[in-house]
Amino acid sequence: MADQPILSLDCVSKSFGGLNVIKNLSFDVRCGQRTALIGPNGAGKSTVFNLISGVFPVNSGRISVNGNDITNVPSRKRMKLGVSRSFQNIRLVQHLSVLENVLVGQTPRVTSLGDILYPIRMTSGSHWQCEAMEVLERAGLAAFARDHVGNLPYGVQKQIEIARALLGGADILLLDEPAAGLNPQETEDLSTRLHQIADSGTTIVVVEHDMQFVGAFCEYVVVLNFGEMIAEGTPQEVRRDPHVIEAYLGSDVA
Amino acid sequence: DDELVLGYVTAKTGPFVSLAKTNEIAAQMAVDEINANGGINGKKLRLETFDSAGKPEQAVVGVRTLAKDKNVLGIIGPFSSSEARVAFPIAERLKVVTMSMASSAPRLAEPFKYAFRNTSNEGYMFAQLMKILAEESIPSNNAAIAYATDDTISKVMGTAVFPAIFEKTGTDVKAVVTFKLSAFDFSPQVSQLVSKPTDLVAVGAPPEQAIKLVTELRRQGHEGRLVAGSTIAAPDLPERMGKAGNNTTLPTTFFANLNDRTKAFSEVFGRRARAEGERTLPAQFDAATYDIVLFFAHAMEQANVTGDPGKLEDERAAIRDHLAAMRNFPALEGEISFDPDGDALKPVYIVEIRDGEWNLLGAQPLEQ
Amino acid sequence: MSGYVEGILVILLLNVIFAYAVYWPLAAGQLNLGVAGFVGIGAYVSAYASNEFGIPPYIACVGAGFVAFALALVIAVPVLRTKGIYLALATFAFGQVLQSLFLNLEIVGGAAGYPVISYIGVGGIAVCTAAVFLITAFLDRTRFGLNMVAVHDDEAVSDLFGINVRAYQALAFALGAGFAGFGGALYGHHFSYIEPQNYSILFSISIVLFVLLGGTQTVVGPLVGAAFFTLLPEVLRGSEEWRYAIFAVCIIVIMIPRPQGLITSDQLSALRQFLVRDRLREERHG
Amino acid sequence: MLLETKKLQVSYGRIEAVDQVSVSVEAGEVVAVLGANGAGKSSLLNAIYGLVGARGGEVYFEGKKLPARSTHARIKSGLALVPEGRRILVSLTVDENLRLGAYGRRDTSNLEDDLDAIYGRFSNLRDRRHMLASALSGGEQQMLAIGRSLMAKPALLMLDEPSLGLSPKLVGELFELLRELNEDGLSILLVEQNTHKALQLAHRSYVLELGRCVAAGTPDELLRHGKIAEAYLGHSNEVTH
Amino acid sequence: MLEQQLINGLMLGGIYVLVAVAFTLTIGILNFLNFSIPGIFMLSGVFTWFLLKSGVHWALALAGAIAIGAAASFVVERFTYRWMRSSDHYVPLVSSMGFLILFENLVLVQWGSDLQRVVTPFADLNIRPGSLVISIPQLVSLVLAVCLVAGLQQLLQRTQMGRALRAIAENATTAEILGIGVVSLVPAVFVIGGLFAALGGMLFALNYQQVHPFMGEEVALKGISAMVIGGMGNVWGSVLGGLLIGIVEVLSIHFLNADFVDFTVYGLLLLILFFKPTGLLGASKIVREKF
């Protein structure tokens, strides 16, 4: 079970205009494996996430999740099939409170008309609300539940995004630079929190430039450069890879 | 109280203030004259005014306010057809007479017992106009028709009144063009008219559109005579049409230079209007409003009304009955009666613009 | 009830319904400048149904609302291809087309207008307005309302979270149109006469103004806006011909400090926070 | 003294984001401002730059008091800001974004050279100079934001988390660039979460906590301050789980 | 006759073009739905009439009317844009509409609702080649519009000021961070937009020799439609859209009748938007922030 890839990209290509951003990219993520996607700026990491979550269609290749081919599934339905994500630039719903933002995350699991027409913003006792509050509490965000998201500190907003993505019930969580903008202490907290989430059975894939975090959190690393995979392996392995040092890490980190 | 109160719904703001606002001067003149002559049944007459801003919903508020809160015996107004349409049903429900001075759309008052209009029948008036053109041997062998399609009365003029009467007079209709009330550019219509010149151009529209049309006709070199219904009878039309307006001919229910009474009225009106900074020439609607006050006063006198709030409903009904029965009343506009629909039957004056002045071509007393 | 109060109340109640007709599309980010057209559809359908087939007025009104709703769903498909001001202009154009349709439809009187026989009084309208308000307030508190805000703020993210953005936008548009039709039908039955001239772009714009002035972020905004727009000119009645000029100045002056409208969600949440905040603050910083 | 704030105060409603903070930057100095999320670092920079109104206190630049809320005047006198969240103009091309960076600049004689220098530094940008900025990756947008502020040729550059989203290699290069610029005479006020790098570069730094300045001094002094070092430098670097 | 109709259509379109450009300046460039433009158009028309009537020399009167329009636009900016940038695109509708209502009612209070006749000092403002009639003011407005538009296009695309304006349109706060003087540039745009609208109003008054308080509305609706048909922010689009609407309007009156004008003009607008949701010459890409 653990060996079976939960997410697999097979010869995926994507170009914008004339620009080939992803070139024949293939890699697998095994179930439960904490994976990092790293690479220089503009390598195509966010684009990979966008392709997996269906923001753009691929030009060629196949993406499958849990053994299902999702290449042509509309983006709206992919979360139900198991992929959820956060965004590099924070994308919370500005006119909703923290709790309400998190409630939006549950949408993929809401199916009945009764649930859609249940006055969820009027009461606080429904299981949806309890669940959302619980997730907020675990992230240490309960105190902000009723605040508007717009003016909260950056780090808090990042955590809300993670909480929201988590509530979709997806098996795979794609996090785009979750540690960006966090100080070392906060990064550590985040790492702890993500470990908990991973332990509860969610597969986490992060795009991250903070190598400290990648080293501490990830078991497996895929390195992209110009849309192609240039290395993969454990953090220790890729850190030593001269191509990676040359293209990504620079001399002083090595 | 020793007062008898008449309600008055008018437009002091909104798109046609210029026509409606001066009505109040005329109405007040009538009230002052009546009171100077001892009032009605020994009581003074007073106007209670409500501004509808020309909006139908507000006209309804006006009728409700005046009928229920101000206990008026009858209501003058509202001005426009759109307002009258919604005001009449509510007045009927509240059992109070409402008499409009300008809403000339056909059969507006017909369904109601309490609705009256001191306006005239355009078909009858235009027939008189054609008769007088013939009498004066003014060429009228062929004609073109131009009308606004999105205004009831204009459309009726263009599609029913003009064709029917031209048919009767044997006038050949060579072209029909249409426009919208909001139109400002008449060049395409006029280009069509110019390609088939006619003796007459009959226009069904409010004054503004007629002015725009005639200006464009002359720009493109069309020399035909503009004829119209009373819808365009604004007193300052000669001035507003300028040179282009020469020969424009139309029927009206009021002609200021008709006789001593109209001249006197015009003079007093002019004086009062100047004091208020308004247009000094009385329009036919000013005269019509003046006469409405006289009708009401007459009916109130006949019905021996007391203004006692307890007898309000009966007295309102009595006023209605006396108005409905009114025949050949000597009004400012001439001798006036009411037909069974509640519409006034009144004399017609055919006037023509000549060198920037109104000129009476002929008068046609009421045919019963 | 005094005749004046009754008269103004009717206008206010109808304006509130119209305000919610504009509120729903705005909640999904669409400025519907063709709302007058839907008001007209409702008015004509209901008037025709009750005049010609003797359908009871309330049923006719609700039915007319559904007709407007259905029509809007259909037209939403092409209209929602456009965005922002283009969408506003597309709805405006649609409204103009509808108005000229009414003008040319001789079976309901064309330019001459159409009398409506059965009557609905102020009480009936009050009940209907309350229903529209409660439906709106209720929907706003559900996931439907929640998702609508999400769609308004960020279509792309809403889509990724499984919200059918197109469906929500179309529903918002149609729901608004349904309310517009319902309100239009009530108008016809109360004022006993309808004419195409009523359903002009100026009418649409004035309704949009109520809602924007009241604020589009909360359910009470449109209510406040409609009340403001209906009552302020009444308050200014004494100023005679200056009335609308003063009114305009009031609008301009109000929008300066409150460009998002009189009532905003920040304000409401600040109010709520004010009531419960200190406990929260302590928790957070403690 | 190039820049000095005196008891600067910023509040949003009842939240005191910056509470009586006095910081200063000498000409030629690099000063870092550290602090946790929500400590008020961005608010401090924004207030200095005139983007948010200060509720109390003053800002002096080159000895002259800066007027409240006039960004325009600040740029004219030689301040530039790399704002938090990049604030790229996505409907303009990369080139146009950079050119707009020079908007407030008086001396435009070397504009093309400066542009070339920036393209030399950030080759990603050169390759995409005629693309809309909306197409850039996160890191590329960050490069653009930095490049754009350099186009203004300021005397004092304020950077709000400039390393955000940059690859480790580019972070190294960025700090190298800042050092070079500083050596050429540019003064820098830096807000950074990458505390190590920031302290390597900075001559002095301040630590903010809940809007208050709780520590100040040279990097060495701060590193000796145990509690601060632990909170902001992440001493327990090697996390073991 | 058809030639005359085409001329009529082009000339009518010329007026729409001026108004469309005025709109596109504030909506297309500043992202600000400015509904005071019909009011400015009307003010300058009414002042053309008033100044001419008061016996002011015609050159002064025309210049004065345009100056009043531009000044009014300046005042509008002072009380609207300045306070509500960076909010939803439709928010400014309210206060700019407020100004429209205000301008209309001020004129209404001062001069009433009547159509006023503009008496021009010129004997005949037409050229008459053969049997055709061409109005000089309309010709002027068309030629002027095209020239001004060409200049404007250059300004926007090639200069630092053009870039600055586009920056303001996207995000005024960001523009401010870059040192762009939002408070000085924006009024300039409003004044230029006001000039276009005022020029339109003045030429309208001379051409149709009629003014009244609501004269701006109908023209503005067509002008804004022209802008949208052409594609917002694209000034050439406004020219194309204006002329197209003018010709369609005239031809539908000629071949059908007035009842169909709204059908054809707005039906056309609707169809164009269905097939090309950003107008004929509008940018087809909708720029959005990246994930």
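Each chain gets a letter, A, B, C, D and E, in the order it is written, and its residues are counted from 1.
Following the convention adopted for this analysis, a contact is a pair of C-beta atoms (placed from the backbone, for glycine too) under 8 Å apart; a residue touches a chain by one contact, two chains touch by 3 or more.
Treat the numbers as computed from the prediction; the structure is a model and nothing was measured.
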| item | value |
| --- | --- |
| Those chains which touch subunit E and also touch subunit B | C |
| Partner chains shared by subunit A and subunit E (touch criterion as defined above) | C, D |
| Centroid distance [mean C-alpha coordinates] between subunit E and subunit C, Å | 29 |
| Between subunit D and subunit B, distance of the C-alpha-averaged centres to the nearest whole Å | 75 |
| Touching two or more other chains - residue numbers and ranges from subunit C | 103, 156, 241, 244 |
| Where subunit D touches two or more other chains, by residue | 135-138 |
| Contacts with 2+ other chains: residues of subunit B | 13, 17, 149 |
| Sites on subunit C touched by subunit E in the complex | 26, 29, 31, 78-79, 81-86, 88-90, 92-94, 96-97, 99-100, 103-104, 156, 201-202, 205, 208-209, 212-213, 216, 241-242, 244-245, 247-249, 251-252, 255-257, 259-260 |
| Subunit C residues touching subunit A - in the complex, by the definition given at the top | 138-147, 149-150, 152-154, 156-165, 217, 265-266, 269, 272-273, 276, 280, 283-284 |
| Subunit B residues within the subunit C interface of the complex | 12-13, 17, 51, 53, 56-58, 60-69, 82, 85-86, 89-90, 93-94, 105-106, 111, 149-152, 155-156 |
| Parts of subunit D lying in touch with subunit E, wherever the complex brings them together | 49, 51, 71-72, 74-76, 81, 83, 87-92, 96, 99-101, 103-104, 132, 134-138, 141, 148, 152 |
| Touching residues on subunit E, where the partner in the complex is subunit C | 27, 33, 35, 79-80, 83-84, 87-95, 97-102, 105-106, 108-109, 217, 221, 224-225, 228, 232, 259-263, 265-267, 269-270, 273-274, 277-279, 282, 286, 288, 291 |
